[in-house]
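Across the two complexes that follow, subunit A remains constant while its partner is subunit B and subsequently subunit C.
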Partner chain A sequence: MSTLIASVGFGLVTASILALAAVGFTLQFGISNLLNLAYGDTMTAAAFAAYLANRAGADLWLMLLIGGAFGAVVSLALNRFVYTPFRRRKTSLFGMVIVSLSVAVIVQNLLLAGFGPSFFTYQIGQSRTLRAGSLALTVNQLLIIALAVAAMLALHLLLTRTRLGKAMRATSTNPSLALGCGINTTRVVGMAWLLSGFLCGVAGVVLVANTTAFQSTTGNDFLVLVVAAAMLGGVGKPYGAMLGALVLGLVTEIAAGIIAPGLKEGFAFALLVLVLLVRPQGLFGDATSRAVAA
Partner chain B sequence: MSAAAVFYLTTLLVYVGVDILAVWSLNLQWGIAGIPNLAWILFQSAGAYTAAVLTLGPSSGNGGFQSYIIGARLPFPLPVLAGGLVAGALAALVGLVVLRRLRGDYQAVVLLVITVTATLLVENFPRFLNGPAGLALIPQPLSSRFASSIGYAWFYVALTAAVCAAVYFLVVRRITGSPLGRALRATRDCDFAAAALGKNIVGLRLFVFVVGGVIAGISGALLVEFITAWSPGGWMYVESLVVFTAIIVGGTGNDFGVMAGALLVPVLFNEITRYIPTFGSPYLVDALQWVVIGGLALLFMWFRPRGLFPERRRTMALGGPGTTVAGPGQAGVEAGRPGASQGSGAGTSTAVGGAGSGL
Partner chain C sequence: MKNRRGPRRLLLLVSCGATALLAACASAGSSGSSGSSGGGTGALTIAVFNPFSGADASFGPEEMAGCTPAAKAIEQAGGILHHAKLVCTAADSRGDPADAIPAAEKLLATTSGLVGVIGPSSDEASATVPLFNRASMPMFADTGQLIFDKTTDKYFYRITAPDDANGYAMALYAHKRGLNRAAFVFGTDISSQGARATAMKAFRKLGGTIVANEQLSLDQPSYRTEVQQVAAAKPDVIFTEADPQTSATFFAELKQLGHLVPFIGTGGTIQPPWLKAVSGAIGAANMATYYTAAQPYAPTSGPAYQSWLTALKADKSQVAAPASQWYADPYAMSDWDSVNIMALAMEEAKSTTPAVYNPYIVKVTAASPGAVKVTTFAAGKRAIQAGKKVQYLGAVGPIVFDRYHNSPGGFEIVKADGTAITTFSPAAIAAVK
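Showing the complex of A and B:
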């Protein structure tokens, strides 16, 4: 029982990191109809940017900001200079997957060439461990959970209460109609990539802050879980990605804690296959996303 | 030629044969039928592992330093055939999950997730296939019958060539040059039109997915029996990108074009890096090689998306018996662009998915 409770604690932390990453991933898909496989490596790149800042003396907050900003700029540049031109050439959906996979391989190996195959660690100090029964989490882990909850709330408010958020939803649902209604879709798409890139960068930094050691492949290893969370919720659905992240985070950590640590990703994956078999549009998929996933 | 040069040459030739089998296999799945099989390497390594555990004998052999399942010592052609069969069965299983109702890029990403997970499972369960260390000391088949290792190497080159020829004439050509190939290209270029004409899209895709899987398995089995070792590091998902790049460079959908791609991308690139003097750290050349592979895929997708040797555009004269619809440039069954495999938007695949799952 105590293992279970402890696993739930870790599950919430993993779910928080996953939610930050999966929501960004799903936003990119929703707005640009693209499964960006370079997402995980952008996370790593942002984590390295934060690492350099950390070596120059930055604390966790500043690192989050720098990582987020770096992720935002890289994602915006990727969309502007690689993905959009390819899409203008009418590259097929799968062609775009190959394009993003190539970008992923290039980014990852540039990082490898630059930083080498060794592991890196942030110097952020050991934070205090807070205990409540068998639930034990560090202050930093609680911080990650709070950060994720705050980010999700902010995103919710952005999407429902602001003109920009509404324009994003409109563009995501029907780009040509949105353009016809006077929405500057190019700008909205750019903003969406900035936003998702920021989430991506922050996710990269908290992923590393939580797992302590990272290398050039860390983000890409995490990408499988991110994709699974996004698909579980129905790709393109921010709320679906949040739910998918919560489910996957809890399932993987509980499976790791109770059954076998090696089965972590295996369980996540089995869950994904099950959902895709029964409900290919994902948990949150409605009539429109059924069309997408059909 | 010195013995070392001959050994180098023969090894290279075996790799050429295996890479050609690889591009044919993926070209059937992707080039002809439009299935974005990002898990391709999984099927090659399923064949390799199967052949390995069926050749190695009980895992207590060699001092029991590696642990793996089954552990039999079957006579020569059986492990390779079993490798093909297991890979084909795995393809059928994966295909049933992935090919039924998912949109093209979804399929690609789910296949990617599958291959990454498979690597993790093999690495995390050392008793299954010896984990990250992989399998080694696999006995070369029939090698006891050859007096010299060079003679054996030439024998294996001939064997690989024979397998390539058999696969080409018995399988690849019979599919690409037949009504079956036409139907597959139709599902690739305009799947709802093919469905409207009564083609069973899911059945066709599943069929070619399994056939491609069998060829991939045989290629892996042939390779592992020759190089005598196989480990998860050699079948990371990015290895599939190499085969994709070979096909894109050579000419998607063109049997001979992709052969040229196999010679240019995996073979030539591996050989060139051998002659680059090592500079910087030992991993640097390796990392830059991957950067170049990724860049090559991007460059070709941008400047020459149909490859060096584009697929022949098959056209049909209007007015012949039963040809009221098809014509080049229209939503013709045979006239589409090879790159535009999955339609161009969500709307298109809606209709397809609906038709496909209803069949």
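Showing the complex of A and C:
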């Protein structure tokens, strides 16, 4: 029982990092109909931006801001200067996947060329470990959970209580109709990429703060889990991504604790396959999600 | 003891198509520009076939650090036969068989004057050794995989110890220190697994108890559950190998729980990226206190070592900085030896054609009556030109190939700063098998 409780606690940390990343990823798909496989490498690039800031003396909070801002700017630029021109040429969904894959390789190679084949660590100090029974989490890990919860709440409020959020949902559902209703969809798409890029950057910094060491492939390694969480929840559905992240985070840690650590990823992906067999559109998905899953 | 895994899982589908296309192009293209005849004068090429990108991107520069000084020293000695120039070229395997196969095909099909290969590593050896062997291309592999302990591939050579021997040395050292409760923490990737089974076998044989056996999925955001299980088992020593990021995350979390105990890594952990990552995660002081590693023994004194060191220092601007990181690096040293051996074999065979000089690789390292013992290509070339037989003595120690072209040496236990603690001879290793 104590193993289960501990695993649930650790699973929440993993789920929090995953949620930050998966929600940004799924937002990009929801608004642009694009599976951006360069997302993981954008996370890494943001983590490196925060690393440079850290070397200049920035603390974790400032690093989160810098990483988020960097991710936002890079994502916006990628959408405007790379992905949008291809979409204008009516490039197919598969074609766009290949374009994003190419961008991923380019970003990864640029990072490798710039920083070399080495590993890097943030200097953010040792955080205290808090214990409650069999559960032991560090202050930084509790902050990661709090940050994810706050970000998800803020996103919920944005999507449901603001004009921008409503415009995003409208554009995501039917861009032509949204344009006909007077919504500046170009601006809305840009804002969505800024927002998702910010989440991407923050997720990159949080991931690296938790893994301790990182290199030019770190974000890409994590991308499989991010895509899985998004698929599980229903691609393009932010609430689905949150739930997908929670399920995957908990399942991986519980599987590691109760079954075998080496099988935790396999177990999580087996669950993903089972869910998609029953609900091809994912937990929160609709017809679009179903088409992507298919 | 080198490897891994995941970033390319999403690339796999696309890679498969590209692989098939490139492989087809490679096979359909030139029958290979390698294996120049003994009569030419063009530049000869040694390819360093290892990961230069991807998660194990540090392997390539390490191998180049041995190849480049050797090529330079050979050129300064007048080159091989009539070939004044010898080039070390980087061939990136990306550390993944899906990428490595087309890379190897391309290398063989398009590289001018290719006479030998340094590599492959464990990441891609199973997939690419057969390709090089089929192309009659001598290779000095840095893979530690057991499957090559008794290989019949006649172009395969290995002068570093296999991973399983590493495991025996780790267990011996723990026993010597009186550490009898061990946790085994290894990555699930093939290269991290090499020493695990033999370390477990030897540790049990020496009377130790295995209290935890964790296999880590690589590059997860957290290993708290695994750390909790290890801590609960109360080991007094941890045997380990995983990639740098995985190990850094694991040991940082172990430290957070206050359960750091002595941990003994394989030779795969003594490399700069691993040390940097884990040291950054738990601090240099903890590394100095708790960490040791078993690595192939390469003496840091004697004429052969001095020959290597002199050549490396003379060419230090051409290797990954700082050059000092390679001074006692057994892999870089073995690559220096490998290039020298191939070059001397070509001199002895009076041919740069790989299939012709291949049998001479064993001959130029074997002890024989009247053979002149040499530690450099220059000395060997002079002796051969004088009509004498040579025995090349390696910077890694005497090279004695068995019938499977393996030359396993001893092992040493070192600290993070490279300080040697103790050495185990091949006989000591054999005793716990």
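Brief remarks follow.
Rule of thumb we're sticking to: the second predicted complex is superposed on the first by the 285 of 294 C-alpha atoms of A that agree within 3 Å, B and C clash if a C-alpha of one lies under 4 Å from a C-alpha of the other, contacts with A are read in each partner's own complex, and residues count from 1 in each chain.
Just so it is clear, contacts are C-beta pairs under 8 Å (C-beta built on N, C-alpha and C of every residue); 3 or more make two chains touch, one makes a residue touch a chain.
Here the structure is a predicted model, which is why all the values come from computation and not from measurement.
Once the complexes are laid over each other on subunit A, subunit B and subunit C cannot both fit and instead clash. By the document's definition of touching, neither partner reaches A:196: not subunit B, not subunit C. Contacts of A:106 after superposition: subunit B is touched, whereas subunit C is not reached.
By the document's definition of touching, of the two partners only subunit C reaches A:13; subunit B does not.
In the superposed model, A:210 makes contact with subunit C only, not with subunit B.
Once chain A of one complex is fitted onto chain A of the other, the partner contacts of A:218 are limited to subunit C, with no touch recorded for subunit B.
In the superposition on chain A, A:28 makes contact with neither subunit B nor subunit C.
In the superposition on chain A, A:265 contacts both subunit B and subunit C.
In the superposition on chain A, contact of A:96 is made with subunit B only, not with subunit C. Using the contact criterion defined above for the overlaid structures, shared-chain residue A:54 touches neither subunit B nor subunit C, since it reaches no partner.
With the contact threshold set out at the top, residues 37, 98, 101, 105, 108-109, 112, 117, 224, 227, 262, 265 of subunit A are in contact with subunit B in one structure and with subunit C in the other. Interface of subunit C with subunit A (complex): residues 5-7, 9-11, 14, 52-55, 57-58, 60-61, 188, 214-226, 228-229, 244-245, 248-249, 252, 255-258, 272-274, 276-278, 280-281. Looking at the complex, you find that subunit B touches subunit A at residues 34, 36, 38, 97, 101-110, 112-114, 116-117, 120-121, 124-125, 238, 241, 244-245, 248, 281, 283-284, 287-288, 290-291, 293-295, 297-298, 301-302, 305, 339-347, 349-350, 352-354, 357. On subunit A, the positions that touch subunit C within their shared complex are 3, 6-7, 9-10, 13-14, 17-18, 37, 40, 98, 101, 105, 108-109, 112, 117-121, 126-127, 129, 134, 136-138, 207, 210-218, 220-224, 227, 252-253, 256-257, 260-262, 264-265.
Residues 33-35, 37, 82, 85-86, 89-99, 101-106, 108-110, 112-113, 116-117, 224, 227-228, 231, 235, 262-263, 265-266, 269, 272-273, 276-277, 280, 291-294 of subunit A touch subunit B in their complex.
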